[in-house]
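What follows are several structures.
You will see two complexes here that share subunit A, one where it goes with subunit B and one where it goes with subunit C.
Entry: the complex of A and B
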């Protein structure tokens, strides 16, 4: 009938769509193949520019086509005069701009624009900065644009304080600007390139370090970016890489070396009384090709005579550094170590000014915390400030704040438990060093994880009882001097780290979760001096024949408690 | 009103699915390579090598790597190595560090690094990717890198992340 609109069925619509897609694909493939074949023939003409433009408009990530386009443009540079080149490249700039409108995050488009800007006979850097401003106003976290801005700033010599003022404006109008804070953090050190660590900005007394950032988190305490920036302001420079400890023992004729970070053994050399020694270094556990602790054995008889004084040097050629250790007459063992405080392991040395700056920051954040008792960032920042000021002095307050933090942000309570464990271990290391003993005792402290085990190389007794530990990881094998391991009342199921500990005599693991003992028998058997093993209250004791199996596989264990 | 970069916690509803539909994921990826008539698939040709790598690692983690056509993929990689030693995302495309790395990672998964000209690939790109690539190709001076997570092994050790691969 006339005048009636024919309604298509869904099947027909589907078929139409499919035909359209097929057509689209055909056109695309034809254009792509034409481009590739022209390029293979070395043709650099207008048609090639047209084809690549057509394809790149809808697919600006097709990097090969940008490459081809640049080849054509470079060729044109050789055959056209300066004014023509200027025009061509200006057209190129508008082309990239239209590509960026389609996809403001295309690597290809930004890179091409940068390439063009650098080759333009008469570049207009002010216009480029304006483009960046516009782009950032649409999306202030577009890192492509930030990178491009940094390039423009560098090429056109925009002064650092002008860019700093730019970040002031951006942050002032919208505190939630992670990228601006980050950019700011790269600019501040440029103002004072000659300052050594700690970060120079903390030493700038005339500029109140907190003002902009304090404003930000006082105005909107839930915005992450200002807090992360603030944490960076409180941060420390990276520690010097060094040999932190050398330990020698005549009984096993063994040398153990601890480093400030995991290393491989390339470039490690041992010299004894001026004579280089041929030794084989091994890491504490076969899993580790990189390790903070390396061990070697000297040929039998080399240092066993206790009436001789010996002088040992460990050379780390990678960092052009070495460490000496004297092994005195009458002494079975010797070591040379920088304390955690010397190494500024857990906090930086603070000057008087810095201490007072941090203390006033602590006051400010505490004020905010009273106004916003449920805000996790405040609590976490208070903890970090206290760690920076006086980790031992603030220990109780820190524990209280962690308890609150876990209530206020329960979704991340496991993270806070681990973080608190780390800080408690740091404090225990500090206390152990002040007491000048080799006993590490951290029981009943809600420990969920172990860390800094590389700092425990010299420890002879460790008490980890009544915590929430689930494993003694391979890193535990760094406790090369360990004689007694007390870890009752935990949830330990994994003993991987109790591996080749040459002096270990007692392992106390009452009330844990050890089930698959067979898996760990090898590791326990690798400890030659093991005499006492307490496995009472573990599920493994319910296994049939466990006593006879253990007696057979661990014959040196005379005191077995099941 | 300032919106702020808030922490956005999501509450998972009690009736949300609690099983990972591994078989369906494996089926999807296994079928993905045969979508040659698809417009979006063709448009993404510029990253094909990386796409293959992403698909293969997932299949490997699920223990389904044998479902992929190893020979076809290795042949494809061979066809993508250029005179300079670099490898492109697909046949006819220009070589690039990203796709060279993806190709090396794929060949490590298949223990077939020798399928390409290794000496030529060792290229002076001093970026993290280039250095990771060199490590996978056996360079002694560079720390070992895990090919699946593409991070140095010592970092993985320090943070306690050492995945037990199913295959």
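Entry: the complex of A and C
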């Protein structure tokens, strides 16, 4: 009928759409096949550029076509003059820009643009930076764009402080911009290349970084970005791999070497009075292929004569380093060690300047904590700041904060208990260092886990009683000098780590959870000097015949308390 | 003019479609009819480049991503016909052609570098038994340089830690036997912080939104870390659970990531696609199954029929298919590199067309 608009039914619309798609598909396939055949024939012409342009506009992930386009452009470089090439590549930049508008995350598009920028006779890096600015304003987490920006900055020599100012602007407008924080973290070390240790990001003058971060978490205390970044700020430089202790003992003719981190024994050599020794290194427990502590035995009679002074050197060829240790006349044992404080094991040394910066940070975060008492990030950051400033001085406050933290974030209370245990162990090691004794005493401190056992190589007496420990793990075997182990009143059921401890005489395990002792008899039997074993108050004492079994399997134990 | 909505055009990703679909079906324990399997084999054979490796489609250039997908798809099919599609000698040539002197690999000749390439290369090389130490010289150190202060790994050194790249780097190191060289504790802390407290799913990077596909890329790291830490002598590992909240992840996937007409997706409001279907299901499988053949512990949320087949945490195909493929290819000798390459520039001359780095 005239004058009336015909309304199409859904079925008709569907059919029309299908026909439309099919038509477009046909065009696409025809163009693609045309490209392939041109390429196979080695044709590099304008039509090829046109065809690839059409296809790449629809499918910028078509790597093959980007390759073909580059072949064509490289060919054109050889037949056109510089100005023409400049024009061609500028057109190319426009093209990639339109591709990026459609899909700003296409690897192919970014890669091609980078390729073009590097080849332009007269590159315009300012324009490239502007492109990055625009792209980041649309999506500040686009890592393709961040990566491209780094390349542009590098190629054009943009100064670091200018880029830092850029991150200031981004963060100022949006604290959630984790990528900006991250970019900052890569820029700061560039600003202070002469001070790798302590970490340069602690040197904050003249950039008032503290205030920027503070603004971030005062504005939104639940936003992850600033807190993670902050944790990095408080971090320490990586410890280099080195030998931290060499211990020698005439009685067992044994040498123990401790490293700053787990290593394998490749390249470890022993030299005695200038003579290389044939020894076999073993880790403290068969479970460890990598270990911070390695042991070997010298052939019998090598160093047993106490009237001779011996000079030992341990060489570690992997890191081209060595450690000397002199074994003096009349001395049964000797060692050479960096102290935990010297090694800055647990925290960086802070200058007066940094200390005052961190102190004011601590005040700020404490203020925030008063406003946001349920925010776990605050509490955790306060603890970390205290650890950085004065681990021993803040010990009591730290324990109080951990108690609050466990209430506020109760799902992770086990994690916090373990973390607190770690910090208490660090403090005990520091106290032991200052007192210059070989006794490690950490009883009644709610310990749920053991760590830093590699620092306890020289310890002769350890007191772990009245804690919440469930096991003495394989790492415990690093206590190579241990004579007395006190661990009453815990929940210990696993004794794996009481393994080949050559000097161990007393093991006190009253009121624990030991049941399957048979499993650990072999480990206990590997300690040749074990004389006293206190197992009172353990479920195993209810087992029939336990006393006679133990007497039979551990004959050297003369003092057995059940 | 050709402007479709080709925003997700997969014409250069067709082996991926084979893998995503075949893997989803094997997780759902849905058998593949022999005719379909054979068709797939023949199609993938057409995607194989005459110079080695697989491309996004017939006639295209070889690229490490579709190479990874094609080899995985063929191993899922697991017939002799499937295994025989792979030209091992040419595949090795292709890997050498994309190898860089600094240990990294470009994704394709003339393409970009990032840590995905190391994983794709290590995966196909190990499955088809063409792996030699020389091929991966310096690769370990390059991958390690991608681990940053956050604990995760970035695509290239200097960028933010990202779930997809972290998985690729870590799995590649596991294949090369060097995972212990990572700072495993830092990596563990980073990845567990990526599980979202409300959603239960995982985010790809700090302070981004949850996405169903990270159910595999991120959660899949926990089995790798579990094994790596165990090998390091870590004594406090669970014998029943991975170190992420398995039930919460299953809830996110089942309750938020399903399309009522079938298929899975990123998050509510997004449309379904085969990529998300594959990786949501892979993540669901990881969340359901703890352990290995000797010690297996299941947590199935909802009905029993929700149970999926277990997946191999390194290759992301079913463990039996990994074993079967290894058994098949280990009987063959490792091919020697035939042509004389300068492996650094990947320069090759072939039939009048110039490829370049």
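Couple of notes before you dig in:
Heads up, the rule we're going with is that the second predicted complex is superposed on the first by the 386 of 562 C-alpha atoms of A that agree within 3 Å, B and C clash if a C-alpha of one lies under 4 Å from a C-alpha of the other, contacts with A are read in each partner's own complex, and residues count from 1 in each chain.
As a working rule, a contact is a pair of C-beta atoms (placed from the backbone, for glycine too) under 8 Å apart; a residue touches a chain by one contact, two chains touch by 3 or more.
This one's a predicted model, so the numbers in the text were calculated from it and none came from an experiment.
By the document's definition of touching, neither partner reaches A:253: not subunit B, not subunit C. Residue contacts after overlaying the shared chain place A:61 against subunit B and subunit C alike.
Contacts of A:287 after superposition: both subunit B and subunit C are touched. In the superposition on chain A, A:28 makes contact with both subunit B and subunit C.
When the two structures are aligned on the shared chain, A:549 is found in touch with neither subunit B nor subunit C. The larger set of touched subunit A residues comes from C, when the choice is between subunit B and subunit C. When the two structures are aligned on the shared chain, A:133 is found in touch with neither subunit B nor subunit C. Once chain A of one complex is fitted onto chain A of the other, the partner contacts of A:36 extend to both subunit B and subunit C. Once the two complexes are laid over each other on the shared chain, residue contacts for A:262 go to subunit B and to subunit C alike. In the superposed pair of complexes, A:174 makes contact with subunit B only, with no contact to subunit C. When the two complexes are superposed on chain A, the residues of subunit A that touch both subunit B and subunit C are 21, 24, 28, 36, 58-59, 61-64, 67, 176, 178, 223-225, 262, 287-290, 473-475. In the complex of the two chains, the subunit C residues touching subunit A come out as 1-4, 6-7, 9, 11-13, 55-56, 59-61, 63, 107-112, 149-150, 154-156, 158-160, 162, 180, 193, 205-208, 231-233, 235-236, 351-356. Looking at the complex, you find that subunit A touches subunit C at residues 21, 24, 27-28, 31-33, 36, 39-40, 42, 54-55, 57-59, 61-64, 66-67, 70-71, 74, 102-103, 107-108, 110-111, 141, 143, 146-147, 150, 176, 178-179, 182, 185-186, 223-225, 228, 232, 235, 262, 285, 287-291, 449, 471, 473-475, 494, 496. The touching residues of subunit B, counted against subunit A in their complex, run 2-7, 9, 37-39, 42-43, 45-47, 88, 92-94, 96, 140-141, 143-144, 152-154, 157-158, 160, 162. Listing the residues of subunit A that touch subunit B in their complex gives 21-22, 24-25, 28-29, 36, 58-59, 61-64, 67, 174-176, 178, 219-220, 222-225, 262, 264, 266, 287-290, 411, 473-475.
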